[in-house]
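Here come two complexes built around chain A, the first alongside chain B, the second alongside chain C.
Here is the complex of A and B:
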């Protein structure tokens, strides 16, 4: 059951300051060169909530780009499990939706018939869940979607109905604070003197804000139709066309809030000591599937691109009953070849 | 605390046997009981080099030890080859589904191995010989590049004695070779069985698998009786790292064994 409260905008910084006493506080911050990135917040006033989505997603706080798993010294093995308390504020609905999905992925529970194939083989990832258990996400509904956004078409925004820790809805002079998870509710209850009760007018304002936001989306992307088309009628020449435009930079995967593939690598400090780390990896790189004896199942660039697309648009729905995309538009910003999900979907729909 | 499935345990090598120029059989002493199936795999590792998925070559319930046949092809297998008896490897597992034997009950079985694909099939053959009465006639076609790369020349006579019809073939023969030459598919017709009722277990290089599946299919073997063990790059073994995903499958948890029926439906491999 979602609990709703009202927080005066002037009280937000006080609330965050209190939160920071018990956890490290992460929020969008504008850097000196003008990029907005999620960072540990040094000064509360540096928080930058009015900017569009920061290009890097928040997945790095649950699944860092490089994460040490073990340190070894001879036969002595030390597990390195991150247990830091974090509160991440200022992520958007799309990010919060993505976390809902990767929670299921790292739990080994897709929530579909797919689980039934081998019910005894559910593995829960200890590194991910240690971070997840100690992190509270305070996401923001979007009153003004960005030019690249299409979360509405995917049910991942602009506001969420459930499945978040805490959601803030901007109602001009105040925030409507919605707490769904127990962790989220705890973070509100602990400072209950800051919050007041919701009145009917507040909910009416929420509804108005939602309608207004929905009407502002510039992109309308129907991935179901795209999926039907790539499944049935896209010729090889189309994938070659896509491959010609791919720089193999992996940018789309690194910014994607749902891409979670990784590699595991040992780094040696000396002859007998070192650390075992997992690092982000991507199926768009040729070496990703390379096996012993230089056998590469997906050698050609078009095969790799097709595999990424099929995974997100066709196989995700079979496994998770949802697309492998939340419509955040980060790949649109990042891709130098203009073959991101939104642009290419439009291309596919118009391809003859 | 969640159990750390990435944490390997230490096992001591009791014996190393050179099977061919670059393949060694590692026999490990287990200090705990581990049940595993043929074609299941373990992540074997050396700290500082990494981990690789290796399928078991020994048979659970028969052998008091666990064995892995490892070909030296890269960094981790190279580091494993550096190890001597008495030294340790780090392992975790077993992972994957392993061969399903129920569908083979009462049927003739054709094993088709290419190269080191014989290793998981050795585990299977020894398993099947343990419960011989459940199965019909047994056939093995085993192809290698050269006679010197043929593994288990000491065990093959035992299999023959146990009644397995063994066909050995090499791509490039030398002066001493008395067996057949050519790829495995050229010898399928030497098997005298009703292909429509028999089942098969295939392991080897991808091209060999593809051609073998086609030939067996052509002779009427039903898709669900063609069992294939696939090889993919894997880093986690538990369906997280994504390196082995194909179609809607993570081959490390839902595979590595698939029937041809599954492959058509779930993996979209081989043009299916």
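Here is the complex of A and C:
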């Protein structure tokens, strides 16, 4: 059951300051040259909630780009589990929706028939979940979606109905604070003197804000139709066309809030000691499926691109009953070849 | 990411013409791909200008007002008909005509070139030919025009600006000019040598004759990056004393008497200057120097102080002040002016000047632009019966330069672990070479064994090897023949033979 409160905008910084006493506070901060990135918030006033989505997604706070799993020295093995308390403020609805989905991935619970078919696959990733349990996400509803956003078409925004820790909705002079998870509710209750009860007018304002936000989306992307079309009628020449534009930089995967491919690597300090790490990887790279003798099953770039697309748009719905995309538009910002999900989806619908 | 902006422009309807012996990614997207033979750049450019002149596409006003010696130049160009160019370059006549018409008749055209133009014995001619083309069509001096060299590293421009050249002090002020020398001598309180020094390639050879006896190499691995590896190693070994400063141990540090640990970009502060002359501040050192490493300026100051000339800078901003004092083009650039913007483009004559976006707007720096005729001179080494292939070298998508940094990354190492030689399917068939077979590539200087990659990215008769890999150093094969003026070696063309093992 969602609990709703009202927070005066002037009290936000006080609330964050209290939160920071017990946890490290992460928020979007605008750098000197204007890039907005999530980083540890040193000065509360530097928080930048009105800017578009920061290009790097928040997944790195649950699943870092590179993390040490264990260190060993002789027979002694020391597992490294990150238990730092974190509160991430200012992520958007799309990010919060993405976290819901990667939670299921790292828990081995897809929520579909796959769980029954593969009952022993229920492996709960300890590295991910120790971070997940110690992190509270305070997401923002979007009153003004960006030019690249299409979360509305995927049910991942602009506001969320459930499945978040805390959601803030900007009602001009005040925030509507919605707490769904127990962790989220705790963070509100502990400072209950800051909040007041919700009145009918507040909920009416929320509805108004939602309607106005939905009307502002510039992109209309229907991945169901795209999926049907790539399943049935996209010729090889189309994938060839896509491959010509792919630089294999992996940018789309690294910024994607849902992509979770990783590689495991060992670093040896000596014969006796070393560490094992996992680092982000991407299925768009040739070496991702490399086997002995340098055999690469899907060596051609168009095959790899097709695999990524099929995974996102056809296999994800089969496995997780949702698309492998939340419509955040980060790949649109990042891709140098203009073959991101939104642009290509439009291209596919127009391809004959 | 210049290519990214080029693709953006394509997306908005720009026309792209690529001239490259290899079918690169960008060439795949181009409207016209002129796949000429290596080392025939001058012929291709001359024949394009021939078409422009013959078809009346010259910007006559610009040529009259801003340039000189057009008539001499025209005489030479008249000889380079597209038919003749087709025979030499292998590019169909009609393609040359189409490219020339598009280039000349568009209102705004940008010309970019990379190392493929400069790394030849005729490198200077190639650049002259590009400049002639730009002047002929007046595509210079305003937005989205001009001649844009793409440098191989992020701060090549900055290094040249700072006088890391044998014949110039900072800001391209010649060492031979007594007035300029005097100014530096007064500020630095030392006597300066008026004789220009040696270029990199000359220095390497000079150690064999004991003309050079000690060398200090910073952040470079000439054993892999200079042509004719065996010669380079022999020369470096002949030195009495070699100091190398780098962030990782390399093939060159193995020959050094002293290795000084430098820092990577993440541990530095200061400025980088990019190809559009934009001086950009590195925000702040992201991490502390690792281990005993020190920023380069601290190492140099310390060395200088111990060698008897005291250098006491409190920070990089003090060095920038000294640069501004002595360098007219950097006169108005200070660190604090670079904090809140994307940098300033020199020339910047005073501290309130916003920088200069386009050079040559009203006049060229020397006054009138001179047309310099560029007759075709073949590469120093052309294929013959013994070495029938043209070997060209270059970079791969995944690696950077000689891999001192990028070969240390686990994902890149997995993606791109080994050297290869690109061979056209036609040549592969006639020699009986299969894809991924190990073959031997031999030139007059040496041989390496590499995996064959049979691909139509490369034209028949030409083979291509990336130079990132120390296991199969492509520069063991390349020709150390130099351009007479710029002293740049001919990395891009030499004659080679391939053998099955």
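Assume the second predicted complex is superposed on the first by the 352 of 352 C-alpha atoms of A that agree within 3 Å, B and C clash if a C-alpha of one lies under 4 Å from a C-alpha of the other, contacts with A are read in each partner's own complex, and residues count from 1 in each chain.
In this section, a residue touches a chain if its C-beta (ideal position, glycine included) is under 8 Å from a C-beta of that chain, and two chains touch if they have at least 3 such contacts.
The structure presented is a predicted model; accordingly, all values stated were derived computationally and were not measured.
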**OP:** Considering only the touch criterion stated at the top, classify A:129 as touching first (chain B), second (chain C), both, or neither.
**Re:** first
Original post:
Of chain B and chain C, which one touches more of chain A's residues?
Top reply: B
**OP:** Would you sort A:293 into first (chain B), second (chain C), both or neither based on which partner it touches?
**Re:** first
**OP:** Applying the touch criterion given at the start, work out whether A:265 contacts chain B, chain C, both or neither, answering first, second, both or neither.
**Re:** both
Original post:
So, A:301: does it touch chain B (first), chain C (second), both, or neither?
Top reply: neither
Subject >> Partner chain in contact with A:281 - chain B first, chain C second, else both or neither >> reply: both
Original post:
Is A:315 touching the first partner chain B, the second partner chain C, both, or neither of them?
Top reply: first
Subject >> First, second, both or neither for A:337, with chain B first and chain C second >> reply: second
Original post:
Where on chain A do chain B and chain C both make contact?
Top reply: 263, 265, 281, 290
Original post:
Within the complex, which stretch of chain A touches chain C?
Top reply: 31-33, 244-245, 247-248, 263, 265, 279, 281, 285-287, 290, 336-338
Subject >> Residues of chain B touching chain A in the complex >> reply: 1-7, 10, 47-52, 71, 73-74, 77, 88, 97, 205-206, 231-233, 235-236, 238-248, 253-254
Original post:
In the complex of these two chains, what residues of chain C are touching chain A?
Top reply: 1, 3-4, 7-8, 11, 25, 28-29, 283, 339-342, 397-398, 410-411, 414-415
**OP:** Within their complex, state which residues of chain A touch chain B.
**Re:** 69-70, 72, 75, 77, 79, 81, 105-106, 108, 114, 117-118, 121, 123-127, 129-130, 260-266, 268, 272, 274, 276, 278, 281, 283, 288-293, 295, 297, 310-311, 315, 318-319
